[in-house]
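See the structures that follow.
What follows is subunit A paired twice: with subunit B in the first complex and subunit C in the second.
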Partner chain A sequence: MDNLFLEATKATPLINFDADKRIIFIKGQSYPENAFKFYDPVFNWIDTYLAANPSEIRIDVRLSYVNTSSSKCIMMLLENFEKAFERGVNIQLKWYCDMENESEVECAEEFKEDVTFPFEIIPELEKDH
Partner chain B sequence: MFDEKMLIDLQSTLGSSGILISFSGRFSQGIIEELGEAIMKHMEAEDRPRNSIYNVFAIFVEITHNIKKYAVSKLGSEFYDRIYNSGIVTIGRNEEGYFICSGNLIEKADSERLAEKLDSLIHLDKDQLKKRYKEQMKKDLPPDSTGAGLGLIDIARKSSKSMNYSMRNMQDLSFFTLTVRV
Partner chain C sequence: MNKIKRSGLYDKGTMWVILLACLSIAISMLLTGSLSYNITKKAVIEKLKTKDLFFIVQSAAGRIDGRMARAKETSLIMARDPFLNEWVSKGESDLETKKLALEKLNRIATEYDYSNTFLASVNSHTYWTEGDVVGKLSETNPQDQWFFETIQSRTPISVNIDYNKERDNTFVFVNALMGDLEKPLGVTGVGLDLNDISKEFTSYKFGEIGTVWLVDRFGKIHLAANLEDRGRQLRDLLPSDICAMVLSSDTQSVDQQQIIEYTSSDGELIDLVHQTLQSTDWQLVLQVPRKETIGFLTSIMTNTIITALLALLLITFVFYLVSTRIANPLKRAIRLSEELERKVNERTQELKEQNIKIMDSIDYAKKLQETIIASDQEMLDAFKNSFVLWQPKDIVGGDFYWLRKMNNKVILAVADCTGHGVPGALMTMAVAPILNHIVQEGYHSSPGEIIKELNLRIKSAMQKEGTRITDDGLDIGICLIEGDTLKFAGAKIDLYQKKQEGVLRIQGDRHSIGYLKSDPNQTFKNTILEITKDDYFYITTDGFIDQNGGPKNHSFGRKRFISLIEESSNLNSQEQRNFFNQSLINFCQEEPQRDDITVLGFQV
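Showing the complex of A and B:
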């Protein structure tokens, strides 16, 4: 299966999905004009990937800002991971956060509340911003 | 005719109101990104708490996307150009903190629905707003949606005081204003 790589822009995150290494990496800010359009290839890739019933997936997320329509898309992705987890796929998600920013931490915690797979909120070091 | 006297008056009004950034006209995604980044840099340089910077930026993005999406949704309406050109947003600071004040023309038929939605949010406390946000987040969206219906709830959640809004008749349309404080 092909990897999915999208370069970051001001309003869209870096997307780096590696099928062989089983790593899904998302980093940056997300507030495109049309989030559903931006995330469409992301949904497609993940649907195809999950349909092959992989044994495990690691997901690393570092999103410093997510607008509401992007949040909806992220929630839809998490729901897909949740379904895969229920089927027995080993899913590990790490969500990196600036812990000094309550709103950012709250955003991560609210995503975490809605899933049952391992979802770890990890402090991001300032120099890595 | 606009002259240097009016320019100086305009600058003086902006300065005395504490306005840091203002934009009036058609919002494009590029303008939203540039202004958003400018306000973020400005607040960082002033050493504001990360949380305030984030909230001002988030409210600015949701407000300007709402204005832009509303205008785009009126494509084909006789009021399309007037609506599209009517957007204004200001971000400023006074002794109470930051404020984001915006305005745009909307069709009268939409003003009642919008007022109802805002009235239903304004008196909710933070826990009730979170509940409303989560309920809306779980709703299935029609396939042609360009938004998730979460913007105003998110603005209310990030606002430190209740938001204020107004609707003013402007010939065939209404001018809607929204003021949010952080």
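Showing the complex of A and C:
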């Protein structure tokens, strides 16, 4: 299937989804005016990817700020991963945080609370991933 | 208008460039040309004066002198010839001797290239030539004067020009005295045909107009390249002062050339050179008009001017071609960009007007939103001291704070609806009335219950089945103050109580309300607090705490917020407001506001 690549902007994160190389990578900040509009293609791609029934999925996330509407969208994504996990897919998510940024850490922790699949919060300094 | 003027200006520019180029080329050519002309002219004239004229005159004089010298030599030899001497002294009577003598005369004439030879006897006054006797010399005959003068002169050799009637020709005679100079026996010598010499003269003429003259001491022209001049006087052909100069050359300047420059009666500039011959006291005069000398320069100049003009024309043409090649596309580009600029200005103007309309309507919407916000007066009535920092991100926003005072109770609500700007504001306008109704209908003793009810009603009011497109809700914190008690319940909004001992954080439940997935059965815990005098309470939405800034671009953070509360102990309400506001401004510096900001502080 086609890759999904969206350049990062001031208010939206970098999206790098590559089915062949098995890369699911989100990095940046997320506070677009219309979060649903931005995440629509993201949802579609993940849906298609999950429908193809991969055996294992690895997700890497580095989001330093997520506004309310964006966090709803992220939550929805995580729910889809949760469903796949319940079906038996091997899912592993790594969420990188700058541990000095309170809100960033709390945000990651809140997301972690709502899922059961392996969700690691990993310290990451302010440099490129 | 601007467009036309600009293209006109550009054309003028091209013309100016071409004009300037032509002008500078023309000037430099002119300069070079006139300089070269003048230098060459001067050099040519100099050469003429110091070399050419000299050489010609010298050469001509040399040849004539050579001829004369030879003639003199021959005459002298004849004069000293013992055979001739004897013949004359014996009275020219002996026939045998006479025959031999005449033979001798003849031989000399024919073999040595003289037109004639002669012998004149003093005794008999007979004049012999190479042919035979010619005649007798008489003292009364003016034509024979030469003889008598020569006899008297005592000079061994002399020259005179004579028109010989018998031969009908002018000759140059070289006379040599025979015998003793005091008492000469006779005169003998040779005669040169002037015609021979004059043929050579024409070859010495300088160009077409120059003249060569052979003049005697008195100025009579005996030989000339121009045959008509023969026999005329020099003073008739030259200005008198020049003529005087030519003829006054004394014998000491023999073989010295003199160059004279004068203007003729016709206004022509003439260069004249004259030289006294070695062999006689005659002058060789060579004269050439200046324009003859430098005539070639004129033709060069004319040719150069024509070439320069042609070159100029060519350059103008080339310049014009080149500049149009460059100018035309450039002009088109300029016109195009002007056209685009105009269009852009039009569009910008349209957008400006649209934007103004939108902003005007949002400005009015702000007024509408302010109707649901607790007014300053209400705040004053409800609390001893209070401050509000309410800053929607985009004029209108999703945060609001709401107050209801009833009997002895005060209910304060601080809410953060999904989103900001217009969508957020619309939500607030939907939520506020529902909150009103809930409290009016009797839910005014338990903040937790209010929140639970609000959850249900919002869900039912806003939910459409299963669409993701709009799934909105809110976070809220509600304080119910009665006497010395404060009851607090929160849905993802916390309360901070500043007591003397420190700051206490009372967390709200970690559930938002109104969303699809908000559990309708969700209950919200009430926290009951004892209010001590001087306690100061703070509620904030996440806008303040999540604002990014600082060197690492992190969020402001709860820790920093709590330290602000601690540091504001001695400030009054207004000062506290400024303190919180300024601290955030200092923190975020260049970063724009990210979310709606609401911070409330109150003292009961």
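Simple rule for what comes next: the second predicted complex is superposed on the first by the 126 of 129 C-alpha atoms of A that agree within 3 Å, B and C clash if a C-alpha of one lies under 4 Å from a C-alpha of the other, contacts with A are read in each partner's own complex, and residues count from 1 in each chain.
Everything that follows uses one rule, which is that a residue touches a chain if its C-beta (ideal position, glycine included) is under 8 Å from a C-beta of that chain, and two chains touch if they have at least 3 such contacts.
This structure is a prediction, so every number in the text was calculated from the model and none was measured.
With the C-alpha superposition on subunit A as described, subunit C and subunit B clash in the combined arrangement. By the touch criterion stated above, A:Gln92 is placed in contact with neither subunit B nor subunit C. Once chain A of one complex is fitted onto chain A of the other, the partner contacts of A:Tyr65 extend to both subunit B and subunit C. By the touch criterion defined above, A:Tyr31 reaches both subunit B and subunit C.
After overlaying the two complexes on the shared chain, residue contacts for A:Asn80 are found with neither subunit B nor subunit C.
Among the options 417-425, 453-461 or 525-533, the segment of subunit C that ends up inside subunit B in the superposed model is 417-425.
Residue overlap on subunit A between its contacts with subunit B in one complex and with subunit C in the other: 31, 33, 36, 65, 67-69, 72, 98, 100-104, 110. Residues of subunit B touching subunit A in their complex: 29, 33, 36-37, 49-51, 54-55, 57-58, 61-62, 65, 68, 130, 134, 137-138, 141, 145-148, 150-151, 153-154, 158.
Touching subunit B in their complex are the following residues of subunit A: 10-11, 31-36, 65, 67-69, 71-72, 75, 98, 100-104, 110, 114.
The touching residues of subunit A, counted against subunit C in their complex, run 31, 33, 36, 43, 64-65, 67-69, 72, 76, 98, 100-104, 110, 126. Subunit C makes touch with subunit A in their complex at residues 416, 418-419, 421, 468-471, 510, 515, 542, 545-546, 548, 552-555, 557-559, 594-595.
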